[in-house]
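Note that the chains take the letters A, B, C and D in the order they are written out, and that residue 1 is the start of every chain.
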Amino acid sequence: MKSHSLASPRTYVISWCALLALLLLTLGSAYLPLGSLNTAINLTISVTQAAIVLLFSMHLRSAHPTLRIVAGIGFFGIVILIALSLSDVLTR
Amino acid sequence: MASTIAPIAPQFDDAVQQRDASNLGIWIFLATEILFFGVLFAAYAITRTQHAAAFAAGSRLTDLSLATVNTALLLTSSLTMALGVYAAQSGARRALVRWLSLTVILGVAFLVIKGFEYHADYVEHLVPAVDFSYPGAQAGEVELFFYLYFVITAIHGLHVFIGVVVISVIAVMASRNAFGPAYFTPVDLTGLYWHLVDIIWLFVYPMLYLVSRS
Amino acid sequence: MDHVEFFPAAASTVAGTIDDIYFVWLALSAAITIAIAALVVIFAIKYRHGSKADRNVASGEHYEHTLHRIEITWTLVPLIIFLAMFLWSANAYYQSAAVPNDAVPVYVVGKQWMWHIEHQGGQREIGELHIPVGRTIALVMTSQDVIHSFSVPGFRVKQDVLPGRYTTLWFKATRTGDFRWFCTQYCGAAHSRMIGRVLVMEPDDFERWLALSDTAGSMAAKGAARFRQFGCSGCHGPSANVHAPRLEGLFGKPVQLQDGRTVLADERFIRDSVFLPNKEVPANYEPIMPSFRGQIDEEQMLEIIEYLKSIENVPQGGQR
Amino acid sequence: MSSISVAQHDNYLTADFRLWSWLITLDHKRIAVLYTVSITLLFFIGGAAAAMIRLDLLTPYSELVSIETYNKLFTMHGVIMVWFFLIPSIPTTLGNFLLPLMIGARDLAFPRLNLLSWYLYVIGALFAIESLIAGGVDTGWTFYTPFSTMFSNTHVFAAVTGVFIAGFSSILTGLNFIVTIHEMRAPGLTWFRLPLFIWAMYATSLILVLATPVLAMTLVLIAVEHFFHIGVFDPALGGDPLLFQHLFWFYSHPAVYIMIVPAMGVASEIIGCFARNRIFGYRFMAYAMLAIAGFGFVVWGHHMFVSGQSAYAGTVFSLLTFLVSVPSAIKVFNWTATLYKGHISFEAPMLYALGFLGLFTIGGLTGLFLASLGLDIQLHDTYFVVAHFHYIMVGGAVMAFFGGIHFWWPKATGRMYSDAWARLAAIITFVGFNLTFFPQFIVGYLGMPRRYPEYPPEFQIWNVLSSAGAVILALGYALPLFYLFWSLRNGPAAPSNPWKAKGLEWQTSSPPLPENFLRTPVVAEEPYSYSTGGSTDG
């Protein structure tokens, strides 16, 4: 399980800049009156930011597939928990 | 240099097996952390679905500017942590100690700002079960929002605190030359934990602070 | 004990279907269990250690193929049976979930540890429920404290009773008699004493029982009194000078909300409007209604709902 | 234990005799022994509660204990049996002992975490026992809100804390097992050469790791709500009590598979060995366990068909539940087919395993009754449910656990027990179990609710039968205590492979060396190669 091809400092700095830019974007978008679309945009940006951190800072891009599966399963668990619970609440 | 060679525990065959085991172990641990917070996110999602207006009203009472600064601090601390791991891998001991110390400082700054936020909430009578009063409609549901706000931020803050402590210990170890290019697993694993705490905050931020700002 | 019961009496219209599903599962289970047991016994004897049975097993690709076919067969056959049973039982579930239109409402409030029943005519009962045979009854239920559950095994019906919500349970009894009813959701110390009897009567007897029972007026009449007592009529009445919606004919109609959604004005909507008035504000009205949480209890709330139902077609509310 | 003779090498039991050496041991085998002792203790505490319950139910009126005491008894029975016996039972004892041995490793990947998880288990158990001594808890093991948070004045906090801490013990065990199975297999031991017991431990660990955090955080919310009287589960403030049920069953349904999947692993090992046959459909068996672990996460709503959950959600959960039952069915068929053309002998472990097969079949089939939406309305929260899950968890899991203990006892202790007594115990357990729980199916369909100390007199006959069965069952569980203890001192020394079984754990001495193997074994054959590997069954 090769897990040790770390990224370069350049990658870290670039992804940091991207994260801060996305932070400003999500903050700014919150002030636009878009109704429920606001939440969708905020969430999409959060997912993008999380993906950047996972892929670059946490090196999942170059990690062994097992590690990627483990990380994926964690997030998948949340999705199942929320989706199936909401499927009840929203259809009551 | 002898100190930077991995001590191999008797159950392992070699350093590679030991490192891979640690790596898989920490990722499984992180997956459990994700699900740990998943409960809070699910509770939030369902309660907000049922009381959308109250959650919007509650969110407007939170301090968005402090939270935004805090988000930036945490993102930056993630950068310094990543650079720290890089320094450890390159064998740059002094750089490693410097980056880790910077990470600790940023983490502490996050907690201090969080403390100011909590204090302001207390002054404004927004602490459920302790001192809560809300003049507008649906005070009970707004209180629920603040209940979730405090539970989520407190448990996240606890994770930041634990991270700060662990990184401090790692920094001290690093200053004593405990790591080198051949062995820096503890730095690496701590970094992964720190990044995950960051990721969780990236979801907490819009959930609690950005609802219905328009 | 005079006789030993194996199956409960079937006394409602849905009981037959539920029993059918039960008996089909019983038959399938018995068949599978006996088949497995028989195979185990046969193999155990035939292939016991030291027996002379032939144990030559074919090998090679063809054999592997056969094995796969066996595995796939005993994956697919149960799957198909399960899916059929799923469809059948889901259908039965939907039947008992959809309340027929002709149902007569009876109101139920559960509290630790007793059941309060109120009929439309205002007749109250505790721990007993009188109903006529052959008429569809819909229980509109809520709880004042913890979760309870209303279960009548003889009717094959059961529904949890939740605080803060209404749940509905309907049945149509097919024969007269006494039927036990239990609380089946654990609710504290005297959970096992939160029981009662459903007394199914001939319609004539039932009418006689209704007439003989003490009432202080029908539920709607009591609700009308509550409507004035709690000051509802001050804003929602005919002479109000506050911009508040008139409630005549409201029940069962769609309501346009401020946030653009449309909801049905059912029991839940009315209850939420009284206890959580800002949750769903009707369009064109200001959110000025105060919450009555803690002032109106669940039984009074049900009476108010029954009153609002009763003024469906009356041009002016509160004629009494 | 000083009488165990030492051959040339010290084994793991004789390596050090001081108590301290046990309390700080990092040896997975010793930790397994620590777990076995503590779990056995908790099993008999939980069993004592069950005995009181059955005694009280002899009569329709609660004559033995007050109704409040009865409520505390079934709560303690549930809390202790679920979290302090069933969930840790097979993984922490047999799993801890066998996992490294079966994959040819010297220890688990993280021995310190392993010891920590035992201490967490003990601390959690102490909290649970403390809540019992302090006066008990009356919420039922399910802690349903708003009863547990707003209305119960009993020691909910201590009980919840105990379960919370034990949860971390589970997580650490699961994490340790997954990493060990991934990283530390002996050379040549590919995934599809793993014994099914290892596959079972793997599937179980996945559930432990993914489900337990959800329980832990849900319990935190319960504790906070109980303490501060505000929270998202209380409808008085706009919370939703069904939210609690969703979160709770997201954990607690998969938890059922935490209990039964290890039992499937044990049964596979035993049936393969005593039928002298390779496990029929080995790959399907492995896949089935993974499928059960996976599907187990999406069926929780079948506990909520009459709870006020939407009919739509109920339908989805019912369909998914039928799907998860298919892999269980496959497993029953495959075990049966494993007997075909074998050389079957009937030592005690085999009797336990066959008992497991029968009881699990009945338990699984009655689960289908409960998955059927319309029918579940009648059965929900009645004794039918009680009977069903006892058939799975006691008939299935405990039967297999006892089988496993008998199967690997010679390996772990180096002693042989009396096979005749053990067979008798297996038969008594099987008979007692059926007499205890089969009548409950009938009284359940008649409508007798769970958690009732008092019941209508027409249900009495079934309750008397059930209580009578419980006496026999208790005898079946108590017997092994005697002859197994007896064997420790007086049993003949066990050879390294008394059953002529396949598997790496039989290739080392009994009891094993502290470091398990003198040389790391190399695996070159398929699992369960009974028919090919020379005729040992002459």
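Here, contacts are C-beta pairs under 8 Å (C-beta built on N, C-alpha and C of every residue); 3 or more make two chains touch, one makes a residue touch a chain.
Since the model is a prediction, treat every value here as computed from it, not as a measurement.
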item: Chains touching both subunit A and subunit C; value: B, D
item: Centroid spacing, where centroids are CA-atom means, of subunit A and subunit D in whole angstrom; value: 37
item: Subunit A and subunit B, separation of their C-alpha mean positions in angstrom; value: 15
item: Distance between the centres, which are taken as Cα means, of subunit C and subunit B, whole angstrom; value: 45
item: For subunit B, residues that touch 2 or more chains besides their own; value: 20, 24, 28, 31-33, 35, 37-39, 42, 46, 50-51, 54, 138, 140-141
item: Per-residue overlap in subunit D, given as positions that touch at least 2 other chains; value: 182-183, 210, 214, 238, 240, 242-243, 246-247, 308, 311
item: Contacts with 2+ other chains: residues of subunit C; value: 276, 293
item: Pairs of chains satisfying the touch condition; value: A-B, A-D, B-C, B-D, C-D
item: Complex contact set, residues of subunit A against subunit D; value: 1, 66, 73-74, 77, 80-81, 84-85, 87-92
item: Residues of subunit B that touch subunit D when the two form their complex; value: 9-13, 17, 20-21, 24-25, 28-29, 31-33, 35-40, 42-43, 46-47, 50-51, 54, 128-129, 138, 140-141, 143-144, 147-148, 151, 155
item: Interface residues, subunit D side, partner subunit C - complex; value: 62, 67-68, 71, 138, 140, 142, 144, 146-147, 150-152, 235-236, 238, 241-242, 275-276, 280-281, 284, 305-308, 311, 314-315, 318-319, 322-323, 325-326, 329-330, 332-334, 336-337, 339-346, 354, 357-358, 361-362, 365-366, 368-369, 371-378, 380-382, 442, 445-447, 449-458, 460-461, 531, 537
item: Of subunit D, residues touching subunit A in the complex; value: 182-183, 210, 214, 240, 242-243, 246-247, 250, 297-298, 300-301, 304, 308-313, 316-317
item: Residue ranges of subunit C in contact with subunit B within the complex; value: 259, 276-279, 287, 293
